[in-house]
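Multiple structures are listed underneath, in structure tokens.
In the two assemblies presented below, chain A is common to both, partnered first by chain B and then by chain C.
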Partner chain A sequence: MVLTAGFLDNEPMRIALSVGGGAALVCAVVGVATVMRRQAFAAHALADVSSAGGSAAYLIGVNPLLGFLAMAAAAAGIMEWADVRSARERDLLTGVVLGAGLGLAALLLYFDATVRSVGGAAVTVLFGSMFAIPAGIVPLALAVAAVALLASAIIHRPLLVSTLSADLARAQGIRVRAVALTHSVALALAVALSAMTVGAILSTALLIGPAAAALRLARRPASAVALAALIGLASTWGGTVLAYESYYWTPGRGWPVSFCIVTLIFCAYLAASWVGARAERPQVQHPSGCQGH
Partner chain B sequence: MFAPFMAHAWIVATLVALVAGAVGFFVVARRAAFAAHALPLGAFPGAAAAGLLGVNPLLGLTLFAALGVIAITQLQRGERREVASALWLALSLAVGTLLLSLSGQYAQGLYGLLFGEVLGISARQVLGVAILSALALGLLALFARPLLLDSLSGELAAAALGRARRLEWVFLLVLALSTVMALPVVGALLVFSLMVGPASAARALTDRPWRALGGSVVLALLVVWSAIALAYLTDWPVGFFVGLLSGACYVLGRLRGPGAAVQTA
Partner chain C sequence: MSQAAAALTVAGACVTLGGRPVLREVNFSLTAGEFCGLIGSNGSGKTTLLRAILGFVPLDQGRIELGGQGTLPGGIGYVPQKIELDPGLPLRARDVVALGLDGARLGPALPSRSRAERVEQMLAAVGASEFADRRVGLLSGGQQQRVLVAHALVRRPRLLLLDEPLANLDVRSTAEIVALLRRLSRQSGTAVLLSAHDMNPLLGAMDRVVYLASGAAVAGKADEVVRTEVLSSLYGYHVDVVRVHGRVVVVAAEAREESHAAVERDPVHTAPVP
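Up next, the complex of A and B:
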């Protein structure tokens, strides 16, 4: 592919690449734990609910990242506070929080369109528009990313233990609820960043896709995180550049950035599950087998 | 609010609530809230595609809902259920953004598809919704017993009926049908609150499965009717009231009963 020279000199492009890169890294780290803890639905619910925050931010005219953050954190707080144990209750509660949050988003977006006449707010909030991120957001976004990464690094071991077995974790003196709460906060931060990048309802892709792909290949959590980060970064940056370049191939309108990123993530997932399935099969047939094949 | 131009809205909303209440009962019993969310939302690109090609949106929605059923069941083979739903959802939404951006009617079309458009439903649409709801309810009635048994204990159902796999297909198919019909009215994002909220409350009110099913339908009807009335009076989006009232149903259910007595339903 021949790249148009100088896309790095483009200011919106630089902002998109740095915010997107930060979001991809955080999502990879948080995402692997989230998939292992079977919280994909919760993560998706947080993302969708955060769109209400994004819409509110447009309504009152503050930084949209703050809106995403506030609403994602509030939803995570409600879900942790309700403290439901059984899987069925958790599924229901997540669904109800999701439904109520989306209802709120519907109302706020309606106000955006009628009161403030920001007609495109729905598209920007839900599907993201990376090339329109204001430069003022970059420091805040990178700070949020750093906090989320730090929190995940601090709790990574107790989190892993309590994911595998809550009883084992309690026996080791781990405060399971505090660890779960910290993980939820990190998840909310990741969701907000990712909502800023690919939009609220697509942020699940960035959070779950690379992590699910990496878990098909990696055998250990650490290598899964590294692989997820690699896939996430490659897809985000690749997708951004692809969208930027697509303005030159397509007549008039380019492809949406979010579409390019999510498609690359999905391709990575398909490739990973194909490779993972191939790697598993010979091992079953020849336990001593030819690994180098 | 009972003016002639609202008649279609009332009819369609009533049909949607009947089906969503009934299907919602099984969604709650099978812990399939994510699938119930992913199928409607994942079908919305179908409407965008139909808009682009200039065909009936129901056609596009049906196609994408069917694709969703296939994708989720296929991805479930090697992956956890919720990850399968998440992946399908992400992919179809991404395709949706592309289609909407190509069709150039980004903002206006999007809002209606996601959050619903109760006004301006044509007589043909009413007919389509009526046929699809009859189909969905018929399928549900045919498979209600095995589906319930399968929800309570997958192993028991597999032993007694030997077709647990097929039941998942049937369930997702019913979900897809109800999705397709409800989407243009209450919107992709809120078909689902109508399934989860009323059913969860009904479950807390009684521990008899069939009574809970009936309660879920009644509550869904109440939610939709009040939502339309409130939307008419305030001029605010219907979706907001559906989400709010469904959430209220859940909270009432939790206050009324701990839900623990209702492990069966």
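Up next, the complex of A and C:
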């Protein structure tokens, strides 16, 4: 494939690359912690609920990122505030919140189409439309990304201990609830950014996919985050460029960016699983053997 | 016992959970470097006592004091009862120990030679150097227990609490962990309080024993406490302390409604391993 020269001169393309890159980076960092804490389902629920915010934003004509942010934060707040005693209860609560959020999104998208005649809103909110991101969003998106990254960096170590065991963390003087709440806020920010790029429904792919692939390979938290960031950025930028190029494969009709990104992430996950399984094989035969090969 | 060396004082501690008294007037103290077994059946209040010492559970009455000047949060090393370490966690044994040192600090860890050396020494002290670079979730139960002990001790606490660390360990790992804990407590002056439902693996190692039954406790040297009269008075009904093949079994005189695993009804079950 020969890349079309000068794709960086294209304004929507530049916006897509910067907002997408920021989202990928934040999702990688927050995603690793989320997967380690087994909160993938909760992350997906936040994304689905945030679609109601995105739909509402189209209805009242404000920046859609604000809508995604507001609803993701509200859902994260409900799930943190609720006093759940077991993993089963948390799953049920997550499912109920997810259902209610999607129901609200259905109503708002219907109004978008009927009252405001924004017919494309549904596809944009649910599946993303990176080349249609308004330029005015870029500063807010990058600020949200910076806050999420900063929050994640600050709670990095206490969150790791809390993930090992809440009691272990408490015994060290860690404020487990405050750390979990901070992580949830970072998660809501990551989900909102991700919903803005690949769409609310697909945002789980950007959040969970690179992190899950990295965790197949990494043995240390720092390398897991670095690897997830690499996979997320490569998939997002690679997918964006592929989608741009696709206008020339099927003339006049480009392929959706979200499809290209999510497909690349899925391929990365398959490759990482394959490599990870191969790397683990000798360990099974020689449990005391050195792994540093 | 000199007051300055006291590592832990529990005086008249009472705890009620959900309207049910779980600890009734528990009294005992530990001095630096002492190795103490907290013995009792399931439901006797062992975990609650450890959690009360950690400050997780409030006392209704009485007091719990740590030795030294004031109590720093995190001044107690703690190995919880059961930690499920996911094999997929990207944490090597040495990462877990490092998190014991500065896991409460904010911000990412910057590389530091003194930190790495301290972690390396701790790994060596618990015999975990060999598997320090393996994912902690892939280690055996005994190896994970060593790593968690290192995690708890790396800050050099005055007091180390372990909740049933010998459960689910094979006979050899059990003996190794007990010997390791005793050696470390002697070397570092850390008082160790270790809960167990079976006192036998600890008999040769314990300086003291705190024996719990239905929330009441007697404390003292093992041969003072583990006696027919003392335990019968603690349980409130007659039990016999029997020594067989170098092992101690506590046998209830008659079948009882309330189950006490520490009271042996099935001596065959704890027959010494040949």
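The rule is simple: the second predicted complex is superposed on the first by the 284 of 293 C-alpha atoms of A that agree within 3 Å, B and C clash if a C-alpha of one lies under 4 Å from a C-alpha of the other, contacts with A are read in each partner's own complex, and residues count from 1 in each chain.
Please note the rule applied: a contact is a pair of C-beta atoms (placed from the backbone, for glycine too) under 8 Å apart; a residue touches a chain by one contact, two chains touch by 3 or more.
Everything quoted here is computed from the prediction, not taken from an experiment.
J.: Taking the superposition on A as described, I'd like to know which of chain B and chain C A:Phe41 touches: first, second, both or neither.
T.: first
J.: In the superposed model, which partner reaches more residues of chain A, chain B or chain C?
T.: Of chain B and chain C, B contacts more residues of chain A.
J.: Contacts for A:Gly209 in the overlay, against chain B (first) and chain C (second): which applies, first, second, both or neither?
T.: First partner only.
J.: Could you tell me if A:Ser258 is touching chain B, chain C, both of them or neither one (first, second, both, neither)?
T.: In the superposition, A:Ser258 touches chain B alone.
J.: Tell me which partner A:Ile155 touches in the superposition: chain B (first), chain C (second), both or neither.
T.: second
J.: In the superposed arrangement, which partner chain does A:Ala169 touch: chain B (first), chain C (second), both, or neither?
T.: The second partner, chain C, only.
J.: Contacts for A:Val96 in the overlay, against chain B (first) and chain C (second): which applies, first, second, both or neither?
T.: So A:Val96 only meets chain B here.
J.: Considering only the touch criterion stated at the top, classify A:Leu107 as touching first (chain B), second (chain C), both, or neither.
T.: The answer is first: A:Leu107 touches chain B but not chain C.
J.: Do chain B and chain C land on any of the same chain A residues, and which?
T.: No residue of chain A touches both chain B and chain C.
J.: Residue numbers of chain C touching chain A in their complex, please.
T.: 54, 56, 72-74, 76-78, 80, 83, 85-86, 88-92, 95-96, 99-100, 102-109, 130-131, 133-135, 138, 151
J.: Can you list the residues on chain B that touch chain A in the complex?
T.: Residue list for chain B touching chain A: 28, 31, 33-34, 36-37, 41, 78-80, 82-83, 85-87, 89-91, 93-95, 97-98, 100-102, 104, 106-108, 110-111, 114-115, 187, 189-190, 192-193, 196-197, 200, 236-237, 239-244, 246-247, 250, 259.
J.: Considering the complex alone, what residue numbers of chain A touch chain C?
T.: It is residues 32, 36, 153-158, 160-161, 163-165, 167-174, 214-215, 218-224, 283, 288, 291-292 of chain A that touch chain C.
J.: Give the list of chain A residues in touch with chain B in this complex.
T.: Checking each residue of chain A against chain B gives 35, 38, 40-41, 43-44, 48, 87-89, 91-107, 109-110, 113, 119-120, 122-123, 126-127, 199, 201-202, 204-205, 208-209, 212, 216, 253, 255-256, 258-259, 261-263, 265-266, 269, 273, 277.
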